[in-house]
Structures are given as structure tokens and as C-alpha cells.
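Before anything else, here is the set of structures, which you'll find just below.
In the two complexes that follow, chain A is the common piece, with chain B as its partner first and chain C second.
Right after this comes the complex of A and B.
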């Protein structure tokens, strides 16, 4: 644990909350693109290059899909490109779809970063005092995803070893996948019963119960929290004054280029790029120390 | 491998069927509509489109539509014009022909997409349903009266007057205007 991830979990939660909310609710292409850039850069420090590449391919396909869906259902806009079944397919709808796609992709990428950085023990620390039961259930539910993945691989390997669904054909693979999934469902039911028994056996639910945490709130955490709050407030003020408004329909409105809106874009840019800079700084430091050995 | 080829082939078939069912038109093709010339013996109807109620509720209108090209100063998008009535023409047919001829933007949901088995006009001249408050949308009057049917269910006859009006209050504001005219 180093760099950005070593900050106090509460500060990290504040950071992700503010970035996610701004990304989701500010309907402005500049904000979305900055957000996408920041999330992808941070993700690149957290995952391998191969995984990153496959993620980016998935994101590109998702954006194209959202554009296509928006073109089919939204016909508003001043510049029709052609007409489909008597309704126009417009350039504005294309851009609107791209904007929505970028927004969804950047939210997905931020959430992926969040799950990598705020691990379940940190979640327990953040919400453990307020709602320990809910948090325990949530973290157990989230744990099920990697567990499920691992078991899926095991079952399908076993099936392959027995010689079923082992052909190269895609149709056969699909059929095998469905069967594996059905086996997996019964396994997960059994597993949850076992977990419940194990918890009971270890005395879960007995009264005198406490929890401990190893996280401290240092001066670094304080500074970062202040920065996050200050920049978020700048963006919120700017948007509440209508400086970040952007319209796609009926025709595309331009960006507002007053000092306040530019300040808002810059502060949001700093906010989203901050973790990446902290990470790279740590990286450079590490390499520097290694070079001196 | 055989199965793979079969699946790819059937996927291509489905996509081809989807594309065959679509009707592609270029922008010029769409606006190129033939309006019959009015002859002494031809049956005609009158059509007008206006959004006068928006002028009274201008503060409720979406900010991106507060321009004169979307809401004209007098509220009239298409002034009362005479069109030739073809046999079996409905209110929707006349509107669709008129907006194409005058190059006015219009978006609709086809009769098979709605629950009422009638076409629904979502927006004319970039003014959409819900653009001006919660009860706003397009409505039509035939000979000054509202009908209980959808626009592609009402068949027209010679001399009918069709008015497409934008309402900001579920059509109530259009009825009031009628009453005033009656008095």
C-alpha cells in the first residue's frame, strides 16, 4: 500500500464520492472528457497493460453501442444526416450519445479504481461504526464476485478434463458455459449455507463485540481532504450559476468561456488528475531509491 | 466449426432482415414531397400550426428553446394554408405532408409503436412534449373542436379546418381559447 491508496479511507471515500457525483450530474462534455482521462490514467497505474487494453476495447464498444441506441430513439436536432422510417437521424443525437457513453464509461472506470483502492477492510472502517451489519453483508456479497469467477474456472476445467464441451466450436463453448453456470448456482447456494454455519460456530452475533482499525488521520490526509472540498465547491458554485450548462438539442450550444467556468474546468482537471500525479510521484521516488542502492 | 458457420450465417440473416425492414432516405429525398395543385373540383382542407400558449408561459419554457427561430414572436409556425385532400387522408397524413413541404422539423411515434393504435406527434419545430412545463405537448382541433381520437384515426372531409396547437396545460388552455371565441 503506497501513494494514493495509503491515504485515510474516509478521505478516499470523499474523493471518489465527489468525482463520481460531478461526473454523473454535470451534463457537460468538457467535464466528462476530463473525468474519463483522469479515470483511465489512474486505472493504468492500478492494472496491467494487457488488462488495460482489453478494458479500453470494451469501453470503446460500449460507447459505440450507446451512440447507436441514442440514434435509434432520439430524433431531435437541427442537422439531420439521413432519414430512417420517416424520422431524422441527427448529428446532435450522435454527439449526445457519445457524451452519454463517455459519462457511463468514465463512471465504470472510476468504480473500478474505487474497488481496487478502497478494499473491503477500508469499507469496514468507513461504515463499520454506522452500519456494521449492512457493511458486512455488502462486503461478503462483493467478495462473491471473485469467488464466483474462481469457481467457474474450476468447474469448466473439470468439465474439459472429463471431455465434455471441449470442442473448439463457439456454439459448444456457449452451451458449456450455460451448464457451468447452472452448476455454479447450486454451488453458491451450498457455499452460503456453509458460510452461515461457520459464522455461527465462531460466535457471530454474540453481544460484546468490538472492531479495530489501523488507519490514522494524518496531516497529509487533512491537506488532500481540504483540496478535494475546495475544488468540488468551485465546480458546484460554477454549475449553480449556470456556467457549466451545455445543451445538445435542438442545436449544440457552445461552451461558456467566462473566468469562473474555466476555473471550474481547471479545478476539476486537477481533482481528477491528482491521484495519478501522486502515484507517479511515488513511482519516480521508488525508482530513484532503487537506483541509489 | 460447422455450428459456428451456421450461427454466423443466421446472425447475418437476422441483421439483413432488420436492414431490409428499414426505410433509408437522404435529407433531400425526405423533403421532396409532392403537393397536389388545387383545382376547382379538388377537395381541400385547411391546416395551421401554432404555439401561442408558450408565449403566455414563457418562463416555463426550457432555456435552450428560448430563441425566436423555435418560438416565433406571434407564435405561428405555419399560418392557415389550404391543402388538397387525398382520398382517405387523416389528420396525420395532412400534417406530415405539410411539414415536409415547408421543411418544418417534426418527430412522431408510428401507430404501431403506441398503445392507442394511432400516431403520436412528439415534437414540431423542435418544441417537444414536456418542453414547456409538465402538461405541455402537441394537440389538434378539427373545426375548432378537440376529438377523442388520435391524429391518424381521424379522417378528414372536404372543407375541414385542422389546427395543431401547443398546449401547456393538458389541453385546458386550448379549450378556454375556444370559449372566448364563441362568446
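Right after this comes the complex of A and C.
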């Protein structure tokens, strides 16, 4: 990972917080469409083309589904397209559904980017200062999971070799699962208390507590953080003055086209496209240097 | 001391400020915003109070181990679709290690399993709901331990509560306010999952509570926790 993902995790967290907050809670089609575009472009740098294609198909189906549900339940709006069982199916409800669909899809896409970029080690770095004990539990649990999976495999292989719980019936699977889980529990509890004793013996809980992190806060991080804060503030101010209000019912209101609202749209556009530009810039640099060798 | 006062002042100013500013900024979707903030703050306050107390290393490792068991149990039972013992394990943990451990295991299970699947706007709600199930199970620990019937009723109610709360959030998020017909639609469309969920909680509490409970009890006595 280079480029965007190599920024300081706290800056990344600030970025995703700001973009998700605006996407989730602003009710404005322009904002949602910009956000969808930004999230899909960033996602395209993080996944393979094949996975991207299947994701896009899933997103399209999801949007259609949300539109359909909205048409069934919302009969507000002034422009009926046709009547179904005596209920009007309105144009406004169609657009409202599309807006909700785009919003949900872009939030899901952003969250997918977030899961790819803010990995568990970065997550621990972000919250390690505020909640060290909770993060310690998180990191130990993350270590226990593969350990327990392996142990589970051992227990269940042993059971299979003895010829118990190996049939295909549901009851047998359930019984086998419960028995293995029970065996796993006693082994893992014992194991974890031993770990705790070892920690205590090596001085866990002595003050002052120190922690180790490999992430540095450089000048780049500072600049990006400033940009994120500035653009977010522009959007939030514009929204709190009502410049970004958009209504679907009873009829569709137009966009407000004052300087402030246009500035807000541009700011949000730059904000959402920023990671993609950073990635593309790094990509071009990489290829350019290769070709000169 | 100064630190403590500072924290309280910060919390008592910051929290209402966030809510008020959020309502001013996100005019159309203030209910969704407030509900998300409440979920995050509720989890945050609980985590901070957990940090304030002194915990022995053994207690921390046991909580981590039970969280890992809850997550691994999802994988063990993945061949049986929708049939997961996660909630049952959270309830059993709370029965033997108290409300605090119950909340931690519930919230951490939601958080960590979403690292494996996908984080999303639902994460804080799952954390809070599973945490609350653990918290409540810890409060009623004595009656849950002694009476099998209570345990099963609690398991079923926990399943229903989980679905109903998650659907409330879906409605708030899509509509911006509470739309009753849509809520009814979500409830009915997720009815099948709710029933499977509640039923699996009952089944797993029935078969897991005694063997796992015995082991937790033994560990508690053996290491004097």
C-alpha cells in the first residue's frame, strides 16, 4: 500500500469520519452522487476488476430494490405516473427511493474502502491512547481467533478419526459442533488464564504504561488533515444555513445555486476524489520511474 | 482529580453540543443522526468506565478469550445457516462473569466480527445491542443461572429485541423519521430471520449453558477470579 493508505491512521480516521457523516446524514442528491462517484473510484484502486464488477452489480440491484420498496410504501408526491391497486405510484417517490438507494450504496462502498484501508493495527493505534485496555482485549482476541480455529480443527479431526459426529445429518452436525465448542472452551480458558499469569509475571499493570507505534505524523499528514477539516467545515456551514436543503415531497425542489452552495459541492467533490487522485498520482509516478530505468 | 473534573465537564458540554450542532446541520435526518450518536456515545461511555477501573491481566485475557470463542463459534456453526450460538455465549458469559464482562464480550464480538465481514453504519448499533443483551443478562444473572425457564425466555426475547432494534435503525436511516408502515414491513420481511435467531438462542442456551457454565465456574474457582 502506498499513497493514500500510508497516511497517518488518525488522519485517515478523520477523513472517513467526515465523508461518512456527510454522506449518511445529508439529504441532497448532488452530495450523494458525488459521494458514490468518489467511493467507487477509490474502491476501484483497492480491489481487482472482477470483484469491482460483481460489487457494482450488487449495488445496482440494491438500488433497484430500495426504489421498489419505497414505491410500495410512499404515496406522497404530486406527479402520479400510474395507479396500482388504487394507490398512486409517484415520480417523486421514485426519485426519493433512488436517492436513498444511492446514499446506502455509497455508505456501503465507503465502509468497504475503510475496512481495506484502516486495518486492525491502525484501528488499535487510533484508539490505543484513549482506551488502552479495550484495545488490549481487541488485540488479544484477534490473536486468539486463528489459534482457536486451529485448535477447533484439531479437536474435530480427532473426533472424525474416532468416527463420531461424522454423518451428514443436521442433528449430528449440531451435536458435533456443540461438543467441539465445549472442548474448545475448556482448553482456551485455561490457555488464556496462563497468558494472563504470564503477563502479570512480566509486569503488566505497572505504571507508567507505554505503548509502541510505528506510525509517524509528518508534514503530509498535517496538510491533508487541514484540507479535510477546511472542506468539511464549508459543507457543514452551508448545510446549517439551509443552502443544501432538498425536498422530494410534495414536489421536487430545485438545487440552491448560490455561491455558498456551489462552493460546498465543489469542496465535497474535492474531498471525495482526493484519495483517488493521490492513488493515481502515485501510480503514474511508479510507472514513470519504471520506464526510465 | 483535575483530570476527572475535566472529563466530566468535557462530556457534559461536548455531548449536548454534538447533538445540537448535528440537528442544526443535518436538518432532514436529525433523528438518524441523533440515534447514531447515542449508540456511539453509549458504547464510548461504557468503554471509558471500563478503562477507569483496575482489571487484572487474567480478567482481560478471559474476556478476550470469550470474545474469540463467540466469534469462532460463528465459523463452527456456519454449515447450519442462521443458526449461531453467539448470543447464547454472550449471555452465558454475563451469567458467570457479570454485566461488565457481558457488555464487553457482546460489543467486542460485534466490532471484531465486522472486521472479518464488513464494517458499516450498523456496527455501533450491533455493538450497543449485543452489549445491552450481555449487560441485562448480567443483571439477571442469579435467576438465569437457577431457573432454566427464565434462561430460555431471556434467550428468545434477546433474539426478538435484537431484530426489532436493528429494524428501528434501518427505518430512521432511510426515512429520516419513524415511518410506521415501513417499520412493519421490515419486521415482517425479517420475521423468518428473527424466528430462527430467537429459536437458535433458545436451543443453544438449552444445550450450552450447563457444560460451558460448569467450565467457567471451574476456572473461577481454580484461579480465584
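The working rule: the second predicted complex is superposed on the first by the 213 of 293 C-alpha atoms of A that agree within 3 Å, B and C clash if a C-alpha of one lies under 4 Å from a C-alpha of the other, contacts with A are read in each partner's own complex, and residues count from 1 in each chain.
Just so it is clear, a residue touches a chain if its C-beta (ideal position, glycine included) is under 8 Å from a C-beta of that chain, and two chains touch if they have at least 3 such contacts.
These numbers were taken from a predicted model, which means no experiment stands behind them.
By the touch criterion defined above, A:205 lies against chain C but remains apart from chain B after alignment on the C-alpha atoms of chain A. Of the two partner chains placed by the overlay, only chain C lies in contact with A:120; chain B stays clear of it.
Judged by the touch definition given at the top, the superposed model places A:189 against chain C, while chain B stays out of reach. Shared-chain residue A:88: touches chain B; no touch with chain C.
In the superposed model, A:280 makes contact with neither chain B nor chain C.
Of the two partner chains, neither chain B nor chain C is touched by A:157. In the superposition on chain A, A:54 contacts neither chain B nor chain C. By the touch criterion defined above, A:220 lies against neither chain B nor chain C after alignment on the C-alpha atoms of chain A. Of the two partners chain B and chain C, more chain A residues are in touch with C.
Residue contacts after overlaying the shared chain place A:258 against neither chain B nor chain C.
The residues of chain A shared by its contacts with chain B and with chain C are 170, 245.
Those residues of chain B that touch chain A in the shared complex are 1-4, 6-7, 22-27, 29-30, 63-65, 70, 96, 105, 107-108, 110, 123, 126, 128. Within the complex formed with chain C, the chain A residues making contact are 20, 24-27, 66, 69-70, 72-73, 100, 104, 107-108, 111-112, 114-115, 120, 123, 130-134, 136-138, 140-142, 144-145, 147-149, 152, 170, 173-174, 177-178, 180-182, 184-186, 188-193, 195-197, 199-200, 204-205, 236, 239-240, 242, 245-246.
Looking at the complex, you find that chain A touches chain B at residues 75-76, 78, 80-88, 168-172, 245, 247, 249-250, 253. Here chain C touches chain A in the complex through residues 21-22, 24-29, 32-33, 36, 47-48, 50-51, 54-69, 71-73, 75-77, 79-80, 83, 85, 104, 108, 111-112, 115, 118-121, 173-174, 176, 179, 181-182, 185, 204, 207-208, 211-212, 215-216, 219, 223, going by the rule given at the top.
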